[in-house]
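Chain nomenclature is as follows: A, B, C, D, E and F, assigned in order of appearance, with residue numbering initiated at 1 for each chain independently.
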């Protein structure tokens, strides 16, 4: 999305009188996403920027704009070279990355941050917007694995997703010759597939020990929690008491 | 989406003066999606309904409405029971199903049908809207595998996705006791994971023979095709000549 | 086996003065197996019919005949098309299905039912003949897994075996053209292979937790039970006491 | 089967006026199987002994008896210790070994030898009875793989089956303490599982190259052959001509 | 190494005034390694012979020479035929065997024996030299697995390594024709790869249960021990007390 | 090895009058390895430095010293934290990395460079010393895969090995708290294991196509080459002619 697209599309969003705006884009420092941030910032509506590793450059600016951010270093760009811009190839890539982000806990961190902001808004409080860079250390410290090797494998999967970003960046922006970048993209997409398998293995360990953490929302929007498969989810308070 | 949501949301879509409307929903025979079809039909704008197995019931009605349809029997409902309505669980499920639909060729059939309609509209022709039920036989007849066992494995993956739908339907609408439906959902989600692996295996066979079909769009929107990894995509005409 | 084969073979069986007759066949409603049931029924000897999904049609008739039955919906017909009637292909298929039926607990249910009948006959009691349809719900309710995901994977394996039956039925009885049925059989046999792997995975989980249930017979024919690998099997009474 | 069982059962077999007798047993040198051989030999009916590695001891005697033999060094005894005499455990073991014997070509050699003998008898010729020890070298020389690594993996699977025999022999006949033999049986059964996987991998290679050899029988009993999945089986003559 | 090489190299070793000599070679009964043992024996320096299965022949002689020995039946010779003497092939083989020897506990036994000898020498005691044949039974009795199936899989991996030795011996010393020995070596190297996977699986089980035993040396050379990943290693005394 | 160790050990090496010296160490910029380079440089004997990623810093210095170098960015440091300094853990890590370096072609590049230098020395020519940084691009350009996805997977494996180095560096030199670095090391070692599997998969693809490149040395030290398993290795000249 270039800046002009933003000029066209954003007003329609504002018409909806949103309580919260979340903008998700690769490299939020690029002109298009930068324009969006600018508009949200000046609107006074609470806004959260979700972006990938190159977005780290814009952190200071985002803070000055009064926006929150969640930078995900393990959300790699796709191998956007013409040989790979096939809908099937792209869907497979996204399937793999989505599995990594789900299992390693990135989606958990993200939805919980958003839950908190929504909760504050619903209760008339000023929301505390997130300021997070989700790197391998945050996966280590915040993911919800009971088995330490499951955690280590999840961290490894996340590390692989970071490597995908590194290799695809070289393939898309540095190598010019197709016989060179084709192999880099193919390599990056193999790493993505491997990362998904490794993440899956992490979750399997938790299944083997019947300790998968699930956090469905209750009807009132509050978060519940469960681990043992046959038991119902309970509210956090009850969960903590039992422990 | 209930019928009231439709009444609220749809007018905003019509304001955009779209050339083509695509409505994607589970069971298009339910009140909400049915209302959408009604509105599109009476608008005179070309419309395509994308739905899952229960949508087959509405085929005659859709045809009467002058709409196109793509019914995907292997696009199963999720295990929508409270124990599993966890964002992580759901993202994993979607990742698995998306991989199956991509690799088995469902996404290919879908985007090519849409490409054709767009092409017609762009060229001022009356578009021929699709009337397709994508079942295991269509996977057999239209998927793009060069190795016959790759095709057989892809068909198997698709068959598994159909089984997921069958088991989750029992879990969501028939079994009432949690100690019974929990295992059905868990079973269905295991099948989904297995289906994704099997689909992946089908694609690996093609990689092993360097015969993966990729069909990126050219800048003018036309479809190109390539198989050997190191070769560039070419237009269909050129492809057919070479053969 | 056609009815004439039955007329020839069955008398030799009756000469052996059996205490119990078990007839195993696909679709017990077909003329041959139906003839066998008729003969057993009129002989007054206790009889048990073991059959597959199409056998469900004959349930009422079997009950009227005073026979027991065990219908196994996950015991699929083989892909009996000439291209696949190769001894190697068939042995592989049977190996896969046998593994599924063993691990998911079908063989357990079957031998325990037969054990009970034999025990009654040996003790001069009138045996209670089984009336069972083993479907995915019975796998859920009767299989002997300690880990819930092992159970879910076993159920999934069984569901896959049901799908094999569905696809092979289409391949053997509906599709007429070889270029169509060949892929359906190949697909069904891939599902069978995948089902065996999934069943194996279920058992591996129990190994990982040292909780595999084994039930060897004691020398007097009574059933014993053990889980921890290094411990000896014990009689059920002792087992229950310990718990 | 002890010698007395043989005295009881064998006469009933002879009553059927068989044209050919095939006796399959572990260690044909044991009293029961030895008694069977004696009886068949003196009956003058053509007979084939199928046995496992310990049966090699009886080779000279079998030849003197005028019988044929097929000794299969990779058909191991089961871990017949009370902890493992569970119907589920045994069915799994047999499933694994059966897969190995099918894929490595043992079943092929066996049925082709029997085919030849039946053909001779049907045509009023004196059958040439097989005198084969199927060891790893015969797998190498007679199995039907097109890819050399598929053959190497099949040989490896067969070698593993031989190792199962070696370890289970130690477990069943040498170790007396349960805490020692339990691990040997568990080890042997793990090797059996691994052998089945390795055999399967060998066949997958052939699938990946669409070169799986299948040899269905024609209706007249003659053998046909096919490799490419979509092509029909043809008679050997036609096959050889095409090459 | 032939005897002449030994004559040349060994004096340089003696110049270093070693406290302990360890000689590692295939088949220590061959002239070269035999010469080394002779020299060490007559030097009066404590010596340990590490060798493979054929080395068993020399056991009596080694004892007479006053040397210790560790014979590893699962340390197979490589497929030393010209087609396979490729540095890449050999490194892969060694990688696989090394993984088997590490995980099954062979390296543990070895380094602990050497630790004991070093400890004795450092403390001015006469070292007790090892006299060990590490076979599958010793793996069973000394390996450090907490899960019994992990142990069974490790034993299986070791059994496979023994089979590699058997097949490669046939390939290197018995078969003369390349079209025969090539398949034997390829088969043996496949078994080696499978053995490594099986060993890895054994270790994974321990990871799944967070019970991997690790024994790092403290700075003073004493052995420590740990299992739970997040806990620090402790000295044996402390470990035993806690239990 | 610190500088003092070098002062002690190196003279003994020089006593052997070597024609070529190869020094292998992590980070050749550290004092110990730097001292070695200095000594070799001043000795006038041809020398080659083999080191890992941090060694890149010393490239200019090495060139000034007149030495050759091979910097391997995918040869990661081990997780040298006390919890992991267990001989078994370390051997497994090395097994994994060795497999990656073998299959991706690093060992091939290395031994061919050394072969060339030896050849020159043997023939009285001044050897051309290598000046190579083996990174993912060199794997792409020099590895010997026939299938492009095999190459892509090998590149991916190498990229993972680079990631291991990155994570272990953080674990060993940056994180101070054990509850943080333990997970980083465990993560790095999981990546190493995954890298080995991915490399193995690359080689399997070549096996599936019977196109594994092997380059055994002839007895005179010259390199031969073969691909088809059953064919003998031939000299390069003959190989090129055939193509």
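Heads up, the rule we're going with is that contacts are C-beta pairs under 8 Å (C-beta built on N, C-alpha and C of every residue); 3 or more make two chains touch, one makes a residue touch a chain.
Predicted model, so just to flag it, every value in this text is computed and none were measured.
Novice: So which chains count as neighbours of both chain C and chain D?
Specialist: B, E
Novice: Identify the chains in contact with chain C as well as chain E, in label order.
Specialist: Output, common partners of chain C and chain E: A, D.
Novice: Write down the chain pair with more C-beta contact pairs when D-E is set against B-D.
Specialist: So, comparing the two chain pairs, more contacts are at D-E.
Novice: In whole angstrom, how far does the Cα centroid of chain B sit from the Cα centroid of chain C?
Specialist: 36
Novice: Measuring centre to centre with CA averages, how many angstrom lie between chain A and chain D?
Specialist: One centre to the other, that is 56 Å.
Novice: Return the distance between the CA-based centres of chain B and chain F, expressed in whole Å.
Specialist: 47
Novice: Scan chain B for residues touching two or more other chains and write them down.
Specialist: Answer for chain B, listing residues that touch two or more other chains: 148-149, 152, 182, 186, 208-209, 229-230.
Novice: With touch defined as at the top, which chains are paired up in contact here?
Specialist: A-B, A-C, A-E, A-F, B-C, B-D, B-F, C-D, C-E, D-E, D-F, E-F
Novice: Which residues of chain B touch chain F once you look at their complex with the stated criterion?
Specialist: Where chain B meets chain F, its residues are 207-210, 228-230.
Novice: Chain F touches which residues of chain D in the complex?
Specialist: Against chain F, the touching part of chain D is residues 147-149, 152, 205, 208-209.
Novice: For chain B, which residues count as touching chain C in their complex?
Specialist: Those in contact with chain C are residues 136-137, 140, 148-149, 151-153, 155-156, 159-160, 162-163, 166-167, 180, 182-184, 186-191, 194, 198.
Novice: Using the touch rule from the top, collect the residues of chain E that touch chain F in their complex.
Specialist: 82-89, 91-92, 94-96, 98-99, 101-103, 105, 107-108, 111, 178-179, 182, 186, 193, 196, 200, 203, 214-217, 226, 229-230, 232-233
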